[in-house]
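Each of the two complexes below includes chain A, the first together with chain B, the second together with chain C.
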Partner chain A sequence: MAGGITFTTVDSTKLATAEIFGKTIAELGEKDPSIVCLSPDLAGSTKMVDFLTKYPERFFNVGIAEQNMIGIASGMAKCGLTPFASCFSVFASLRALDQVHTDVCYQNVNVKIIGTHSGTSFGQGGSTHHAIEDIAVVRALVNMTVIVPADGVETANAVKAAAAVKGPFYIRINRGFDNVVYNKSDYGFKVGKAVEMVEGTDITIIACGSCVYQAVQAANILNFDHKIKARVLNMHTIKPIDKDAVLKAVADTRKIVTVEDHTVIGGLGSAVAEVIVEGGKSCILRKLGLQDKFSAIGLHEDLMAMHEIDAQGIVKNALEVMKIDAEKDEDWGDEV
Partner chain B sequence: MALTKQEWIDLEKKAAELRDLCVDTVNWAGSGHWGGSSSSADILTLLYYKYANFDPKKPDDPDRDRIIVSKGHIGVILAPLFSLLGLIEREALKTFNLTGSKLGIHLDSNKVKGLDASTGSLGHGSSIAVGMALAAKLQGRSYKTFLILGDGECNEGSVWEAAMSTAHFKRKGRLDGLITIVDRNRNMIDGNTEDVMGLEPFEDKWKGFGFETIVVDGHDLPKLAEALEKAIAGGSKPFCIIADTKKGAGVSFSEDNYKWHYGAFDEAKYNTAKKDLAEYAKKRLERAEKEGI
Partner chain C sequence: MAEEVKITQGDLYASRIFFYAAVPLLKVVCESEAKFGDKFKGRNFVFQISALYDGEGSENGKMGTHFVVEDGVWTTQAGKVHENPDVELCFSNLRKFNVFFAGKGMVSVLPKMKGVFKNFGIFKDILTALLRMAGLMQAKDKPEKLEDQIMLCKLYLYLLPNGISQLNKMGHPDIKAVTENSPDRTYALIIEDYPELQSWLRMKMGKSMSGRGEYKRCKPFLAMKFKNPSLALDIMMSKADMVAYIREEKLFVDGAPEFAGVVGGLLFKVAYYALGEYLAAEA
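So, the complex of A and B:
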């Protein structure tokens, strides 16, 4: 990676993902005076304190008013600033959606939205504070780039990439600590390009966010316990999605499991399904995530287990998918 | 008096020209938001022709004053205005609302040079204006930001989020020169504002949110000019000018008639509108000639 902002395993184990975002934006702010940060009374929760301390004149707390925050950010961007607006994903994507749609995306201005506490990562906050529809919502927005980093190191890369490109970005990060997926920054992060975490030819597990770590663990279990070679793709960019990586997975493995801390309607799984169907080659797809229901209250890791998006859940589902042989399906020859 | 006699006369002529071309544009478009366009006509005239530091030859000048028309449904008067300013070719007005036209009910700031925001979803312009005013101060620029709100629009909660932050950031010294003007024409789509969703005591609401308020006849150019000059001079609080206006102003069948929020002119109505506007302009001009000093 170019530039001086790099993180390692040591940072990732010491810093919550949002803290890494906070340090990254504080450093970027030093080089780029156009960067400003906005927060709706969440400077502490979304870890913008470093930036606030360094650049108080470039930090704007708008109070508990997410819609106003996004509108203000769009006005600032229209005047040449590069606003990073951060709040809980559920409010960025739903509460302020009209502003994100019209003021940011329609005007196509340079606003970066950092959605925190995404998925079920604010476990005990319950469904008012879980964001399980945000990927579906924001990926439908014209001009929006959508990134779901796998851990803190990738969050830093995503934030740097967003700052370097003009246009609306939505970066979806978790509350608290993420399991470490990357031990250093320079693994070749590129917007719109999936990262192959594990090589494999039997089945492909495509994951994003906190599910990437779980997918890698699952692939190890599948390999050691079941002699199944599972490919794992970190699909950190949901939009524009890496079509080539999906189509290659279809061609190579014919079996795909998607894993996301999000409803299975409209998110990563749906994005992958769209690519598969348009590709015209048959493939078995299973979408793991929240199955069209609100989540429960509980610890994030327990909720992930409940929704079968942890390593064990992925293994269980991958084994089921491995047993399906589409070519022996009696209906296979029915097409006219 | 804020305007000299000659300025008053000249601006009356500009306002008359704008209203007339707006009626033509409604006619070319087949229909349009004549009601709220005509109520804003004098506010727009004073801003674009006199008070805003806006050179149509330099629509991208970073130091230009910003004008956010939050009641974005009045594209049918903004397009003629921008045409009169030389930013839209006159012939393009005849394509208004046509498939593929760059002009329609809600104008697109990426397609119309000099237009500062793409508005239409009501209650959004206020926050955008706050962002622009904050950016001015941060970047050491002295441009002003004028925000034009519809009164019905003030039902939207986001207007008050932005109002709260306008006063807050002004108190904190982070924002200056954001001037809110509410087109108080007292009518919205379904009826009178006080029947649909009461706004009164409207001025008190703005005062309560930390604004210095001025209530003024929004069709009296010298008085409106005086209010704008006071607001531009500034003070310890942000200014909100409540411009008492008439929806459908100047045309007999539409004046103060909520049913003319949006509509189409048939030939007879078009002819009546043009005739009424000519008469309206004549009377206003006569007053300027008589009372101007």
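So, the complex of A and C:
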């Protein structure tokens, strides 16, 4: 049950990613009458109340039945509507997987799934409510575009981009309380194109979602405390992943750390690894995230620290990677 | 038997730079300028420059670098002594070798010349190329002709990173202090629009290596990019202020600018030995 749990961030209005999603979808609804919203009795938790208030005839509470919600959304899309179906990521990606696979992806219909409370962001909700495998699952589905926004502003960009393009989208947002990464929306968001947050040539940190803020903080610490120049990429689109940015990172820095609030199997780190292997140029890759284990229960920030996907954890791992001597057999002779 | 003269640590640093980084540039001159290179077409010989020395790193009482020329193609054996070269310039000790190559009184330190009469033609052509190299590198002012500027830039660009790497391999404390604390980083010197006028220095946790041309392994941590050969020579010959050139956009630093000073410090350290400044300091 989502309600009644103490929030840990004071300025909730400013920081709530889901709030911004709710406002954005309400704005889009005004411009595009084909947009409808569906919720499995989670309109409050998934912040769709604005849309519900403005367009009650275009809002459908399907009850606590995520599988039905996806099936209904698929049917609506077949009828020419643009359904935004929102529920907890863990249920959208696992409980309703068959419907997402067969009704949405196989049909290649215009359904937008907004997965909320992703990763360990609903930390106190327990392991049943943590979505730590959803990226791995949904990115394997044919036709699915997968976006993991870094904060509220990027969520708004992602939702607008999804509405503008036909086809299935999975947008993975958190419970609602993310640190602000962007102050303006016109920073160049484009589906499938990573955003370089920090320049650097020593090492590249590739992050998504709430880990982007942590990665930027880590780059600052690495610079000021250790004189290490880390490049930070916000890889908001996991599928299709920005291959050019990954290969450039390999070519330029030869060391990559990926950071995600997700298991390290199948998610961002794996997607990056696939690109590296296909590229044929070697590099050191360390994948930060949940190391093939369920998370403990607790506050999100504490869990991020536990899984070393907070700034300090990233710094620690980046420094370790910097010390790896992967080319011991190199000839260190001078050219004459 | 080496002449009795006290060889200092400064002599050893300087001779390392000369044998491993400066003398090998003879091949660069011959390969870059046809008027010198063409003279060796079809020829086969071994040419060596050496100095008598019995200490660490010597071979058969000498330190030296030799070139094997086979059918006009040059191969450099830096820091390696050949037992029976066809032509050899052999200095009586390391100090004289350093003084000669630093351009600090050449007449008083002339080397013994072996094989000259037997191979006079080779000797004459080698000497011509050596004088070309010395004429460029020991000049106080930059040359006026563009072709000479390009050649001198090439020699400096190939010498300086190699010189730093040699000092590091010798354990020079100032250089080692930088390399030992360095993650895997490469510093590049680039003259824009001249692909051959590039060189680089890579360092990683105490190790170092240098190379010529574009660094392709990864993006250099820092690249100092000069607009043209003339501006590059202003900096490399200490005729202009690096910071002023950066400000005036004559020199572009691609990378963390605070590290440009680190590179500058290393380059000056090579110059300290290669220009023989250490001789006056030790006198």
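Going forward, the second predicted complex is superposed on the first by the 314 of 336 C-alpha atoms of A that agree within 3 Å, B and C clash if a C-alpha of one lies under 4 Å from a C-alpha of the other, contacts with A are read in each partner's own complex, and residues count from 1 in each chain.
FYI, a contact is a pair of C-beta atoms (placed from the backbone, for glycine too) under 8 Å apart; a residue touches a chain by one contact, two chains touch by 3 or more.
A quick note: this is a predicted structure, and the numbers were derived from the prediction, not measured.
**Q** Is A:202 touching anything from chain B or chain C once the two structures are fitted on A? First, second, both or neither.
**A** second
**Q** With the two structures laid over each other on chain A, which partner does A:99 touch: chain B (first), chain C (second), both, or neither?
**A** In the superposed model, A:99 contacts chain B only, not chain C.
**Q** Figure out whether A:229 sits in contact with chain B (first) or chain C (second), or with both, or with neither.
**A** In the superposition, A:229 contacts chain C only.
**Q** Check the residue A:274 against both partner chains and state whether it touches chain B (first), chain C (second), both, or neither.
**A** neither
**Q** Applying the document's definition of touch, where does A:186 land relative to chain B and chain C: first, second, both, or neither?
**A** A:186 sits against neither chain B nor chain C.
**Q** Count the residues of chain A touched by chain B and by chain C, then name the partner with the higher count.
**A** Between chain B and chain C, the winner on chain A residue contacts is B.
**Q** Between chain B (first) and chain C (second), which does A:252 come into contact with in this model arrangement: first, second, both, or neither?
**A** A:252 contacts chain C only, not chain B.
**Q** Would you check which partner chain A:322 touches, where first means chain B only, second means chain C only, and both and neither mean what they say?
**A** In the superposition, A:322 touches chain C alone.
**Q** For A:68 in the superposed arrangement: first (chain B), second (chain C), both or neither?
**A** First partner only.
**Q** Could you pull out which chain C residues touch chain A in their complex?
**A** Touch list, chain C to chain A: 20-21, 24, 27, 76, 78, 162, 165-166, 183-185, 204-205, 207-212, 217-221, 255-256.
**Q** Could you pull out which chain A residues touch chain B in their complex?
**A** It comes out as residues 36, 57-58, 60, 62-63, 65, 67-81, 83, 98-99, 101-103, 106-108.
**Q** Which chain A residues qualify as touching chain C in the complex?
**A** 201-202, 228-229, 251-255, 322-323, 325, 330-336
**Q** Which bits of chain B are touching chain A when the two form their complex?
**A** Residues of chain B touching chain A: 62, 66, 68, 108-110, 116-118, 120-121, 124, 126-136, 138-139, 157-158, 161-162, 164-165, 168-169, 174.
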